[in-house]
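Next, two complexes with chain A in common: one pairs it with chain B, the other with chain C.
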Partner chain A sequence: MTGPTLNVRSLCINYGPSAHPLRAVRDVSFQIAPGEAYGLIGESGSGKSTIAFTIMRYLRGGHADGQVWLAGQDVMRLPEAALTQVRGRVAAMVYQDPMSALNPSMRVGEQVAEAVRLHRGADRAAAAARAVELFERVHLPTPSDIAQRYAHQLSGGQQQRVVIAMALACDPKLLIMDEPTTGLDVTTEAVILELVRELRRETGVSVLFISHNMGVIAQVCDRVGVLYAGQLVEEGRTVEVLHAPRHPYTIGLMRAMPQPGGAAHRLASIPGRLPDLQDPPPGCVFAARCEIATDLCGDVMPALLPASGREASHGSRCHYRDEAEALLPPPPLIAHGKASLGAGAPLLEAVGLEKRFGRRSWLRRAAPVRAVHDVTLEIPPGQTLAVVGESGSGKSTLARCVAGLIVPDEGYVRLEETRLAAQVGRRSRLQQRDVQFIFQNPDGALNPHWTVKQLLSRPVQLYTDLRGDAVRRRVVDLLEMVNLGERYLGRFPREMSGGEKQRIGIARAFAGNPRLVICDEPTSALDISVQASILNELIALQARHGTAYLFVSHDLGVVRHVAHRVAIMRHGRIVEAGDPAEVFERPHDPYTRALIDAIPTLVPPPAVAEARVTQIVR
Partner chain B sequence: MTALVFICRRLALLLLVLALVSILTFAIVNVLPGDVATAVLGDTSTPDQVQSVRIAMGLDQPLLVRYLHWIEGVLRGDFGASLQYGRPIGPMLLGRLENSAILGLITLAIGAPLAVGFGLVAALRPGGWLDRVISGFSVGTHALPEYVIGLVAILAFSIWWPLLPGSSLMDPSENPLHRPEALVLPVGVLVLGMLAVIGQLTRASAIGVLASAYIRTAVLKGVPYWRVVLRHALPNLLPPAIAEIGMYFGYVIGGLVVVETLFSYAGVGQMMTNAVAYRDVPTIQAAVLVVAAAYGVGNLLADVVALLTNPRLRT
Partner chain C sequence: MASVASLPRARRRPRLRAADVPFIAFVLAVAGLIAFGAAVSPHDAVALDPLHALQPPSLAFPFGTDEFGRDVFSRVLSGARPTLLLALAAAAMGVMLGAVTGLVSGYLSGATDEVTMRAMDALMSFPGLVLAMLVVVMLGPGPINIIGAIALVFWPRSARLVRSMVVDLARREFVDAARSRGESPHFIIFRELLPNVLALVIVDFSLRVTAAILLAASLAYLGVGVAPPTPAWGLMVKDGQPLIEIAPWLVLFPCAAIACVSIGAVLVGERLRRVFALPGAEAGR
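Up next is the complex of A and B:
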């Protein structure tokens, strides 16, 4: 076959009433050549997953227009009955959360074998053998044993290998991977990405790779499309788009991405939010958030055209595509208040903390898990100690022990001279005020039935002497402090975006001028551009109020950006601690090194760069 | 291994519950106002007569002694003699239990698959016309008490249109399976009652399962939809229905007071109502204990089935 494996033409996807629909995807066209890997980058709400599922003709409650040519047939015009011959056979999918993508009550081998039986007409034994063979192909250890297991008996990385094996079962022409490594640990992510590269090399399958993470895209994809508010705003070879972007949105994304390599520059955040897709702007979709937008941008929608001095395949949907990078000022360098080591007594000290889960009893013989194992740490006033680790390392448990939300089995926490009660409820009001918490998931942390005013008034009344009108004034001050305004007072959590909700969480923590704020993955649920602004805000608040942070994260880039000191945690212990520059550039512990090496960087691995120079059909 | 430990633990727990039930029923029945001896002798008895009967029945003994005496008999299979009939309760109860079990098991065998099937069909298109018909019908029948449905059924099928007997009256020793026509109406009423609860439970569970990511995986693997529903969805939506069916087991064995009375069906439920009306204390105690055991066994069976069908509980 000579044509492209996938050819998406003028795809539009609408939701809701046809008279006034939500236009989730507008006029998106792209192609994927045989053997090519194409990346779709976008933040939440960009429509990237919607496009993926539309290619499989799996659109719940939406309406799609346009053409999706998959290996020579237009999927949009196939009768419903013919779809089972396309799904799993011509195109197969790999999903974001492998645990929930696998049937919990069916052995994983059978889940793979089923596809083989249906599409290949293989008998039971042959299909089962093929499943084991596929498990071997994706490097699962003891494949015939794994085939007999259920999803919950496998680790996250193994589950994703099973899903990939299932997708490969009938040698599809196109593999659609929807955020396949989001939610996996960084070391697991690295091996999955390596597997994808290897499969491409050896099977020549085309890949549509969807991600919000530019580092991951850079590791896998030959070409990339940047999606914003349902439109493709930039497209081109990965190296070109990521290293010399020609659209202000892409430029913004690149500058908002915290990288473990360099913490010198301030993260650029993209102000504002997605346009209302029920009434998309007539001009450029990004105009409202663009620093260099002019009247022209508001009125006339730019076309996706190549930038001058670039390959014809590198297109940008910006009127000022040639000047964009020059017009946008680079983010200022910031002088991070460096750690003044050894100066004075620590603000907070945790000594010998130990937490075990799962008691031995007459019902359970399993030994308890040591989530936190003899951890001692110090935080100087006004500084940030970052605790980094993968899932299950005990970092969140540690944070909760310090906060008094979990009572440790051994050890204690001291704030300056006084030893704090293990349970937050037993601490004095003043001590509670001094140690505050920002949670990972702002949705779960805010009472959905309270307005912002109620949410913020309560800590103000609890921790200050202010009463009556003064409380309201303080609440407004807090809102302004986190770059929200008085107009947010009457809003409920459901009326705000994720970033706005997290700002309320921050304002709540700062209501009583705390001395230490424990931040448990405060940005991991947010988009990169929003994450940048939240991180900048936390840094600014620290500079202004002299607050110390205990910052828990799995993201080394983020940590590198905010931390004065960093501690790497594994299996409940701190394996390495020190100055971030020191730890990241010269890690002593092999685990730390593995963690740092696993971070997907924007530099593509040499193997892929030369593996396939793809002829781009345009 | 763990499954065996689990079942043994649940058995021990069941025995504990039965012991507590025996204490409770014994206590409640014996502290109720009114004297059994008076009840036996009638209103015209003299105090002397009452006293001698009390001694004969052991009612002058302390409560604890009477309880221990009773429970010791129960453990030997001797539930004492019925005050009403003067015959030993054990064999009588056994016959009744068999009748109730026949009625109950037939009801479960028809009702459970039917209810699960209706719930599943309704869940395929929530809000669709089929869902509205099924859900409306089952909620409607659920809102009507069993005796109303029962009376309407008798009126319709044995009086206006005399197809079936309106009463299942038969000798307690007669096997109801020899008169299947007498079972149709009671089973029908009971099945209608089941449809609502188990059907709606299955529907809710099925809607959740059908919206889950692994169902999407199966569809996008190219599996035909009917097969997705039967192979991928059904095993995962059953657990709540199984738990509820387990509860129903206890109910249909021992709790069919209304239906059995309505159709004059000689089961445990009818026996209990008679015994209460007559203040036949030993019979009440025996019947309550049996019903409690039926509930316990039903729950245990449900747990075992859940254990066998859910791999996550098994390992």
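Up next is the complex of A and C:
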């Protein structure tokens, strides 16, 4: 068979009433050749997961028009009985969260064996043997031992490999991977990406790879499509699209992405938000947020056409595809000058912090885990110290010890001359005001039953002498400080986007003019374009107020962008610290090196090119 | 420190809609029944009239009469007050005690939580009826004691319910945010956490009203509750039970009254839950 493995033709997906539907996906067409890996890039709400589910015809209340040809069969027109033949055998899915894709009360070996029995009618022994074989295929260590374990006994990376093994159970022609590495650490992510490359090379399976991370896409995909508000706005070979984008949205995404290497420039954020998909604009979907949009863009929807002088396969849905890059203003250089280090006394010092969890008791035998192990650090006034580490490194525990939310077993925190009480409740009101916290998850950090006005008035009342109307004025000032307006006063958290909620979290932290703000992964729950604007916001606020940051993150690109000093943490200890440029370019510790090497960059690994060649030859 | 009361209270609730009319009508009807039930009943609810004993429903006696010739319709009307006031008060008291216990215990956790919840377990280890009976027997009958006894039965059950939700909520970052801001436990419990469990407490209350009617009836059945001849609905069911084969209306109508109030209470509770549920949820839809 020589036709494409997957051929999606003018796919439209609507939700809600047919009179006034939410148009989640509009007129999307793409093909995946046998053995090819195709990436779909998009931010939340772009419709990328909806497309993935529709390929398997899991519509969940939606209505789809168009054609989806999977290995020569139109999935949209297959009877329900034939669909079960397609699912798993022709196309198999790998989901974002392996923990919820696995049954917690079933041994992982049995789960994979069950898939084999179901689709191939193999007997128990053969199915179990096949499961172990598959585990070996995905390089799980001691496969027959792992097969006997339950999902919670495996690490995140191992769980994801089990899910991949399950997807491979029936030798599918197409693997659909929906953000398969999003919840994983960079080093684990690198290993999974390598596995995907290897599987392609050795089994010739086609891959539809969905991600919001352009680095990850560059590592595995031959071709890529950029989705925005349910439309494919740009498509072409990965190298072409990511290195010479021809659509303002793609260009914006690339400029919004903080990178660990290269010159520090101010991240370009994309202002505005997604258009209302119940009432999409008649012209270009991106026009409202586009810096170079003209009247033409508002009225006429551009077609997905190649730019002149580019390969015919590289299309962009922009009227100005030829000159988009030149028309867009260049990214401004970074504003914050790196102040000299060690000037004056540190604002905050943490001395010999130690925190153990799971103390020995008559109920618990396990030895305590040292989450933070003898950590000493200092932050000069007005500067950012970034603490970097993977999950379980103890970085969040460290941040919470400094904030007084967790009481350390040993050590103490000093703010200038005074030693702070271990518990935040025991600190003076002034000390509480001086050290503020910005949380990772903007959804959880705001009380869902409070309006923005309540959320921001409270710290103003606690930390200042303002009363009555002055409080309201201060709250409006705070809102304007984070680029939100007075109209947000009456809103509840539910009525705001993730980025807006995080801005409220920032405004709340700055309500009392703090000296130190602890940022615990403040952008890891946000889209790239939103992340850029939040980071810019934090840098601007620091420049204006001289606030010091303790910035906790797993993302080296983000850290490179904001930090004056960086500390790498592993197993509760700081393994390396110093100037970010120094640490990233000449890491001394092998772990730091591994961490930096694992970051998916936009330069594709040679293996992708090779695999492509072998596919073509075959 | 700023006073708690000075926080602006801005809560956008869904506006009154046509769909709310039946709920409001129901609440008004129940309130009217409690207030004027006895006054509008056509016959005396307690006077004996042996000449009209055990009459089936007719125009004169729409719900029939009992073995003493008392009009069942009048008894149902005038029974609303003793039945419902007692049930509402007992349910409110039990749910309130439970909510406060659950909030405090769930938020403080540790030793406080352990001690409180084991005490609640101890209370729960008594069958509800036995516990209520013990209290009434010890303190003596009388509406206040019966209310207290029923509330005591509900207390641990509501406390558990609220605590389980609070334990979950207390892990959320907005509680950490409040702590790092320097808020007192009192503020966190009553201003941060309470609004989040309010919807649950209201649904709990609406279910407890029915349970309270039945528990009061059981107490009466065992002879420790409301004393005859008070026309409480539960008591009427109990009194009519021996005659159920020859005069089913004696049980049917008070049961129907209990069922109506119960179903209504649950529906109103469900509606209120939506009103108190996450603000912005409805507007966003």
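Definition applied: the second predicted complex is superposed on the first by the 609 of 618 C-alpha atoms of A that agree within 3 Å, B and C clash if a C-alpha of one lies under 4 Å from a C-alpha of the other, contacts with A are read in each partner's own complex, and residues count from 1 in each chain.
We take it that contacts are C-beta pairs under 8 Å (C-beta built on N, C-alpha and C of every residue); 3 or more make two chains touch, one makes a residue touch a chain.
Bear in mind the structure is a predicted one, so any value in this text is a computation, not a measurement.
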Chain C versus chain B, contacts on chain A by residue: C
Partner chain in contact with A:Met106 - chain B first, chain C second, else both or neither: first
Contacts of A:Pro329 with chain B and chain C, given as first, second, both or neither: neither
Chain B versus chain C as contact partner of A:Pro17, first or second or both or neither: neither
Touched partner set for A:Pro79, first chain B, second chain C, both or neither: neither
Partner chain(s) touched by A:Asp97 [first = chain B, second = chain C, both, neither]: first
Contacts of A:Gly309 with chain B and chain C, given as first, second, both or neither: neither
Touching partner for A:Leu446 - first (chain B), second (chain C), both, neither: second
Chain B to chain A touching residues, read off their complex: 5, 9, 212-214, 216-224, 231-232, 235-236, 309-312, 315
Residues of chain A defined as touching chain C within the complex: 400, 403-405, 424-425, 427, 429, 432-433, 435-437, 439-441, 444-451, 453-454, 457-459, 461-462, 467, 489-495, 505, 508
Partner chain A, residues of chain C touching it in the complex: 1-2, 6-12, 172-174, 176-184, 192, 195-196, 278-281, 283-284
Interfacial residue positions of chain A with respect to chain B in the complex: 56, 58, 83-89, 92-93, 95, 97, 100-106, 114-115, 118-119, 150, 152-153, 163, 166, 169, 363
